[in-house]
Structures are given as structure tokens and as C-alpha cells.
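Each structure below appears as C-alpha cells.
What follows is chain A paired twice: with chain B in the first complex and chain C in the second.
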Partner chain A sequence: MIRGGDLAERLRVNLGAVSARARVRIVASYRERSWIVGETIFPFLTMSAFVLAYRGLKAPPVYEAFVVLGGAMIAYWNNVLWSMASQFFWEKEQGQLQLYLITPVSRMSILLGMALGGIAMTTSRAAVILAGGALLFHIHFPVDRVLPAFGLFLLTLAAVYSLGMILSSLFLMWGREAWYTATLFQEPIHLLSGFYFPVRALGTAVGSFAALLPVTLGLDGIRQIFYGPAAHGLVPLVWIPPIQVGLLSLFLYLAHRSLATMENLGKREGRLTLRGG
Partner chain B sequence: MSAALPAAIESAALTRVFRARRKEREVAALRGIDLRVEPGECFGLLGPNGAGKTTLIKILTTLLLPTSGRAMVAGFDVARDPLQVRRRINLVSGGDTSGYGILTVRETLHLFARFYGVPGPIARRRADDLLAVTGLADRADSRLSNLSTGMKQKLNFARGFMSDPEIIFLDEPTLGLDVGAARDVRGFISRWVREREGRTVLLTTHYMVEADELCGRVAIIDHGRILALDTPKTLKRSVASEPVFELTLGTGGGDGDEVREIAGVRSFSQHTQQATGAIEVRIVVEEDHVIGEVLGMLKQLGIPVLHLTKSEPTLETVFVHMVGRGLADDVEPESETA
Partner chain C sequence: MKRVLEVIRAGSWLGWQVEANWADPFLFFVYSVVKPLATTLILFLMVRVVSQGHATAEAFVFLFLGNTFFLYVSEVLIGISWAVFRDREDYETLKYIYTAPLHLLPYLLGRGMTKMATATLGVIVAFLFGRFVLGLPIGAVGTPWGLLVLATALGLISVAGLGIGLAGTSLVVARHSINLNEGLTGLFYLLSGAIFPIEMLPGWAQSISLALPFTYWLELIRRLVTGRTFAAPLERYSNGELWLILIAATAMISVAAWVWFRGCEYRARAGGLIDVKTNY
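Up next, the complex of A and B:
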């Protein structure tokens, strides 16, 4: 049984670990500016291409807003996949995963730190895409609906990063194989997520399957909050927050179990570290 | 009456077998290791590559599960209660680096201190001390990406002590360090154990002198088994058979071959130095006092004795005696990598 004092101490140490790990990401984002080109300008160009294509096709102007919102959201998904889920794999490759694993903190605290740092880092990129898109292409976001949209956005981020924790456990155990699989599925997931179009266009069956991804569901909901029926929503808006809460709870539980299972498996098979001797 | 303190490290019949990916063969890295290290000890583990040292350390630091047997650290089972173990330990693997190129040296130390819940002011003071010891004080605000490999290794060493662990596992901590830095590191380890009551070090090293200088007790391990375990002094005594003396004789009075006739002289060998003409002699005697008679005879023969030393066995001698080869003659490393 955990005593109250012990629980408080564990909480203190774990919160310290969360903030310490988050800080690494935040420090990196303002010391290393090269990301501005790779992660802001290039995605902005991709987004611009879609906007211009919709204009060329004389699609309703709301589609241009879909693209800008999707362009902002894609930054978070890429951050989850390549800077959080795969991080334990990179730590292992650099020989310092063991330094994290011998610390008396929960693996989820370390990942939560990465997530918060990643969110802080990615928000600046997403903000550039949103602001740039709004200014350059005259995209209108109804100001009175920003608050509920932001609430759903936060809930979506929580679910997306929890899914990242599950993926992280897979990278922990099958680093290189997980890396190849993630690369393989990157484009199909971009398609299923409907980053640049309403996901309902995929049809009900495929769209419903895609809605298992919290990023798809969140984006669908945010578009509906801003543009109502014109957003061509897949799932009724009132269902989306409870589904996201359900996914968040499920993902957190699965992440906790999966991380413990994979770590134990790694310890049994001797696959957590690189050095022998 | 207070209860006896638990051992800092204890293992019983500890075994670890690695199975190759396709399960075609098994490699037994540890075969029934029984070990007890008391709190406050600096304990050395000597063995060639592939002997099982790192595997043992990985089990004791909760990074690997034993196949069978039991391992306890600070009184807690490493398999059943890893969190309690992790609160009390730290690990430094020589040759490894820690942290991120984007962070400074000081930030890196603070990062890892936070993972152990070390409060800010204590972390700052400890970082200052460790940076001074490792000679990194003037690089405290340099980014890791600007450090040399040696500096990164020193930082990794400092990191291990940021949590002020009860038990620290040092796996080849001076590997790759220059002579001066290695000496400073050894000095720090020695002071840390001496001045911090109850702190325990488990050290693996290739450098026999390092083990001899730092460790109160040493275990020699090979092929996953402990071959010998005792104080360096006792281990050395265990391989010392008969006293061996080395003499350098001056020229002019013969080569001293007559001392062979003295009762108690087991063997006598000599060779002449080409440069000086001096004669170097190696004499094995039954008892120490026999050397007195040897010196007496040399004096009678008019042969000057320029130099006399008693040859003592070193840990290297013990190691070769026990293992059957020197540390330089390494075997293939364990196949436990992913």
C-alpha cells in the first residue's frame, strides 16, 4: 500500500520530471531555429498548394479554411509520431535510454514531459500556419466560436498525445521495425485524417474507421464548430467531445499497460540497451 | 537492539541466459552468481569482455531480468520492487555520453537531477562541486554539441553523482579518459566512499591498478562465474608461492653463479645488460631470510649489489592465474544486443 507521504513524494518527483523533460523541447525550439524552414515554410507551401487548387476548382471558400485548419493540425500529428513516439528509439540508439529507465519516475511522466514540450514547440509552428493562412488567403474564423473550438482542440491534443504514448511503447520494443511501419503508414494516415478535405468525402465506412484516430475526429469537430453544416461533418458534433474523452481514457489506460508490458518484455529479452560486455 | 542493515548488493544463484533471435543457441552470461556487498564498500568486479560484468550490472540496475536466482539492492528485489531500487542507485557507463547537444553542461546535470527529485538549490551546489571535480567548471555554460568526447564522458560521470545515490554502479568509469582526468575521477570515487557514510560503489574496470587502488574487495569473474573474491591483498598473497627477489649486480667480481649452492635457493637466473654490463639476477628462495645469505656470499665474492627489490604479485598476476589469460586477450562479447 502506498502511504500518503510516499504518494506526495512520488507526485513531486514525477512532476519535476515532466517539467524537466518538457524544458528540453522548449529550449531546443528557441535555440535551434532551423525548424522554421523545415517545419513551417515547407508545410505552409503544401497548404498553399491545396488552397490554390481549391480556388482553381472554384470550391466553396470554406474548403480553404479546412485546409488551413488541417495544415495546423498536421504539425501536431507529425510531432507525436516523429518527436514523441519514436523518441525512446532514438534514446536507445544514442545509448542513453538506460539513463531514463533507471530513474525512479514513471515512463508516462517522461512522455508527458515530451508531449507538453512538443505541444509548446509545435504550437508556434501551427500558429504560423494559421496566421499566415488567414492573412495571405483571407480565411475567416468566426471569433465567437474560437473558445469552444479551442476546448475541443485541447481535448483532441490530449487524445492524440495519449495515442503517441501507446506508439512510444511499440518503438521502445521494436524501434527500427516500428520506424519503418510508421513511415509506411504516414501518407495513408494523412489521407484518412482528412487534413485537407472533409473526411466524410471518404464515405461513411472508411470515414467511421478513420474516426478512430482522435486527430480525424477532432478536426472534424473543430470544422463543424466554425462552419456548421458547411463543414460536411462526419460525426454529429455533440458526440465528438464524449467520444474524445472515451478515446483519451482508453489510450491512457492502454499506454500505461503497454509501456509496462513492453518494458518488461525488453528486460526479459535484453533489448532495452545496446551494450553488452 | 537495532536490526542488522541489509546488504547494499546481494545475489543468490543469479543466472542469466540470452537466447539468440532464432533461438538456435543460448549464451549463459551469468551462471549462479553469489555475491554480497556491504554498505560503505567499494567493490571491484574484474573480468575480460564477455565475462558477465555488464550483464550483472544491468540486472542490479533493473535494466534486465535474471533468468533465475535472486538479486537484491539496498534490501529490495530488483525484479519485484524496481522503483525502490531506482530511488537508491545510479549508473555510469564509461564511454557513454548523456544529454542533448542543444543543452549546456549545467542544464544537463539539472535535467537528470530533476528525475530524482533533487531540489534546485541542492542540485546547483552539487553541480558546482562535480563540475569542479571533473574539470568542467569553465565549460558549465557550453552546449554539449561543443564538447569533446572526453568532456562528454566526464559530464556523464558527474551526472551519475547528481542524485547522491546510496549505491552507484560504475561500469568502466575511466574508459577513454586521459591520465589526469582518470586520476581525478579515481580520487573523487575514493573520497566519495570515504566521506559519505554508507555509500557503496560497485566498480567494473579493465585497469587492475584502479581496482587495487579503490576497492576494498575484488571479485574476478569469467564466463559468468566468480572465480575468486577477496581483498586485493589476500588475492595477491594467494598466488604468491615462494619469495622472488630481483638484483642488479655491478661488474668486476663475476656473475654470482655461486649462490646456487646456498641451501634454500630454488632458482637463479641472470642476464647481462648490453648497455651497462650490469648483471640482472632473479632469485627464487624458500624463505625470505635466505636472501641474507645470498647477499653475504655476494659480498664475500666482491660483487657489488646495485639494486635489490622483492617482486610482489599484482592483481594482474592474480587475474592471469585465475582466468588463464590477461585482460588484453579478450573473448567475444556477449550477444545481448538488439
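Up next, the complex of A and C:
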């Protein structure tokens, strides 16, 4: 049985771990000026290529808005993949993973810190994409609907980063295949999540499968909030927040179980440190 | 020269081991072709869904060829500079390169060879997918395959040159500046007209586009594969002129990249950055 004093102490230590892990990323991001350029201006240019391609294809203007919103959301998904899911792999490569394991804090606290720091890092990228889309390409975002869209966006981020925690536990076990596996989760997810066009265009069966990903649902919902029926939504908007809450709870539970299981398995199989030879 | 070739060969072998020896060849093949196939499918569906019937078959061929061959740029450009971060921070071997009787530049070129090989695999599979699954009118009888290989090789030299320049930059910046390298790839994706005609760019951006070798490279490849011109601002150039521009640009990039790399390398050594760790 945990006494009140112990619980308070554990909470304090874990919150300290969350704050410390997040702080490293936030401070590091803004200390490196090259990062700011690489993380904000250049991704915007990639998104611009797609807007121009859409114009070349004579797509309806609302599709340009879709691709801008998708471009902002891609930034978070890529952050989940490369700076959260695969982070333990990088830490293992550098011999730092064992330092995490000997600390008296929950792995989920460390991951939560990574997530919060990662969100702070990525928000500048997403903000530049949205602002650039609005200012340079005259993409219209209905201002009166920003608040509900932002609420759904926050809920989506929580679910997406919880999924990142589960992926992180899997990557804990992997070696160099982690790099390729992350790639495997990148472009195909860009396709399945409807980053570039409404996911309903993939058909009901594929779309329903894709809707298991919180990023798909979130993007679908945000587009519906902004553009109504023109968004060609996959799932009715009223269903999306409760589904996201359900996914968030499920993913957090699975992440907790999976991290413990994978860590134990990793210890038994000696996969938590680098092997020579 | 013989020594340089030996170092390139050793770097290639090491790069191959780092990239591929964790998996059996079939699994590695699958991992290597997923990305190009996924991007091809994204474009295919994008054209079908987004254009709502307005796009012509030629428009898709334009997108397809640009996107497929641009794989070389994204893979090799990022691959060479990423090798610096991997060796410096993950394997902590970069400092040992300096204690060995070799120069860093040919070693990094060798590391880039692996990425060239995997990118080539991806391009070939995507090309075959486009030809036989999507039924695109590419690779017909009469396609000058020899010239296509030559043009691809020339483009690769210029990509490798830029990769070396970026590797130099990587020596003096933190690990997460890999975003800078990915971002530059995005910049080239935009300005070289990989997926849309460059005449859609504003005038100032077109001027930059016309200063990039990749713009001419992609146009030349499209012409060799389909036999027709695509980018309106390049219509006035014959194929021979495109070759000459590409050769001149490649030579200039190679020299500039070498000078830049040497400058960055000196700065990294002077600043004690050869064994710095920046994984935040």
C-alpha cells in the first residue's frame, strides 16, 4: 500500500521528469538557430509545392486548404515518429537508454516530457505552415470556427502522442530496422490519413481502417469544422470527439502495459543495450 | 586517385553494412521500396481525387517522373549528411576517421553510394510499377536507355556534390539540424518543378529554379523518357543544350561543395565539434 507521503513524492519526482525531459527539447530547439530555419521555413516550401501542384491540376480551392491543414498535421505525425517512437532507439544507440532505466520514474513520464517538448518544437513548424498558407496562398480559415477546431486539435494531439508511446515501446526492442520501420509508418500513413485529400476518397473500407488512427479522425474533424460538407468528411463530426477520447484512453492503457512488457522482454533478451560484433 | 577510390569503396562497404546487415535481403528490399511505391500511390490518388477529372494522362506522367527521380535527391542528399550525425554521435567513430590514413570527403562519398544504390532500387521498382501496374506510357520502344542512365548518373554527381556541401554544414551544426537537410530537399522539390510545371512559380522563384541543376535534370529525363518537352521556360533549349547546362552546373556544384566542405571541416576541428553530442 502506498502512503500519502510516498504518493506525493512519486508525483513530484515524475512531474519533475516530465518537466526536465520537455525542457531539454524546448531549450535545445531555440538555442539552435539553424533548427528554426530548418523546422519552419523549409517544410513550408514542401507544402507550397503541393499547393502549386493542386493549382496545376485545377483542383477546387478548398483542396488547397486541405493540404495546408494536412501539412500542419504531418509535422506532428513526423515528430511522433522520429522524436518519440524512435527516440528510445536513438538513446540506445548513444548508450543513454540505461540511464533512463535506472531512474526512479515512470517511463511514461519521460515519454510525456518528450511529447510536450516535441509538441512545443513542432508547433512553430505547424504555425508557419498555417500562417504561410493564409498569407501567401490566401487560404481561408473561418476565424469564428477556430476555437472548436483548436479543441479537437488538442484532443487529437493527446491521442496521437499516446499512440507514439505505444510505438515507442515497440521501438525499444528494435535495432537498426527502427529507421526503416519509421519510414514505413511515414509515407503510407500520409496516404491513409488523408493528409493530402479527404480520406473518404480512399473508399469506405480503407477509410474505416484508416480512421483507427487518431490523426486521420482529427484531420477529418478539423476539416469538417472549417469547411462543413465541402470537407467530404468520413465520420460524422459529433462522433469524432468521443471516439478520440476512447482512443486516447485505450492507447494510454496499452502504452503502459506495452512499455512494461517490452522493457522486461528487452531485459531478458538483452536488447536494451548495444551488442558488439 | 587509387587511394581515394579505395576509401570510397571502403566507405561504401561500411555504409552497406550499416544500412542493410540487420535484415535478410528480401526484407531489406521490401523496406527499401515501400517509400517510393507509397509516394507514387499518393500522387496517383491525388491526381484522380484532387483534379476531379481535369488532369490529363500527361499531367500524371509529368508528376510521376519528377517524383520518382527526385527520390535520388531526397535519399542521397539526406543520406550523406546523416552519415555525419550517425558517425559523430551514435557510433562515435567520426573522430577515429581522423586518426586513420584517409580523408573524410571520399569516405562520406562512399557512405553516400549505399543510398544511391537503395535509391536506384526504389526508382527502378517505382518505374516498373508505373509502367506495368498503372499502365503509364513510359519506357516504350525507342527510349534511349543509355542516355537515360547517363543523365541519371550526371544528376547523381550533382546531388552527391550538394550532399557533400550539406555534410560540411552538418559538421558544424547540431543533430536536429537534420531538419535543415530535409528542408533543403523540400526547397528543391518546390523549385525544381518535381511535381508541377515551373511556370506556375512566381517570377523571382522561377529565376531561382532556372539556376538549379535539378530543374534541367528532371526536364531532360522527362524528355528522354517521353520524347516531348514539359516545362515551358525550358522549351527554347534543345536536348543538347540541356546536357551542356547540366554538365556545367554539375562541375560548378562539385567545386563549390568541395570548397564549402573544407571550410566547414576546418571550423569543426577548430571548434572541437568533431566529437560533439547533440541528441536532445
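Some observations on this one:
Going forward, the second predicted complex is superposed on the first by the 265 of 277 C-alpha atoms of A that agree within 3 Å, B and C clash if a C-alpha of one lies under 4 Å from a C-alpha of the other, contacts with A are read in each partner's own complex, and residues count from 1 in each chain.
Here, a contact is a pair of C-beta atoms (placed from the backbone, for glycine too) under 8 Å apart; a residue touches a chain by one contact, two chains touch by 3 or more.
Quantities reported herein were computed from a predicted structural model and do not represent experimental measurements.
Using the contact criterion defined above for the overlaid structures, shared-chain residue A:V206 touches neither chain B nor chain C, since it reaches no partner.
Set side by side, chain B and chain C differ in how many residues of chain A they touch, and the one touching more is C. After overlaying the two complexes on the shared chain, residue contacts for A:A134 are found with neither chain B nor chain C.
By the touch criterion defined above, A:V24 lies against chain B and chain C together after alignment on the C-alpha atoms of chain A. By the touch criterion defined above, A:L237 reaches neither chain B nor chain C. Legend: residue contacts after superposition of the two complexes on their common chain; A:A260 is shown touching neither chain B nor chain C.
By the touch criterion defined above, A:L250 reaches neither chain B nor chain C. Touched by chain B in one complex and by chain C in the other are residues 24, 28, 32, 94, 96, 175 of chain A.
By the touch rule above, chain A contacts chain C in their complex via residues 24-25, 28-29, 32, 34-35, 37-39, 41-43, 45-46, 48-50, 52-60, 63, 90-91, 93-94, 96, 175-177, 180-181, 183-184, 186-188, 190-191, 196-198, 201-202. Considering their complex, residues 18-19, 49-50, 53-55, 58, 61-65, 83, 86-87, 89-91, 93, 96-100, 102-103, 107, 110-112, 114-117, 143, 159, 171, 333-338 of chain B touch chain A. Taken in their complex, chain A has these residues touching chain B: 9, 12-13, 16-17, 19-21, 23-24, 27-28, 31-32, 92, 94-96, 98-105, 175, 264, 267-277.
Taken together, the chain C residues at the contact with chain A in this complex read 18-19, 22-23, 28, 31-32, 34-35, 38-39, 41-42, 45-52, 54-55, 59, 63, 89-91, 173-174, 176-187, 189-191, 194-197, 200-201, 277-280.
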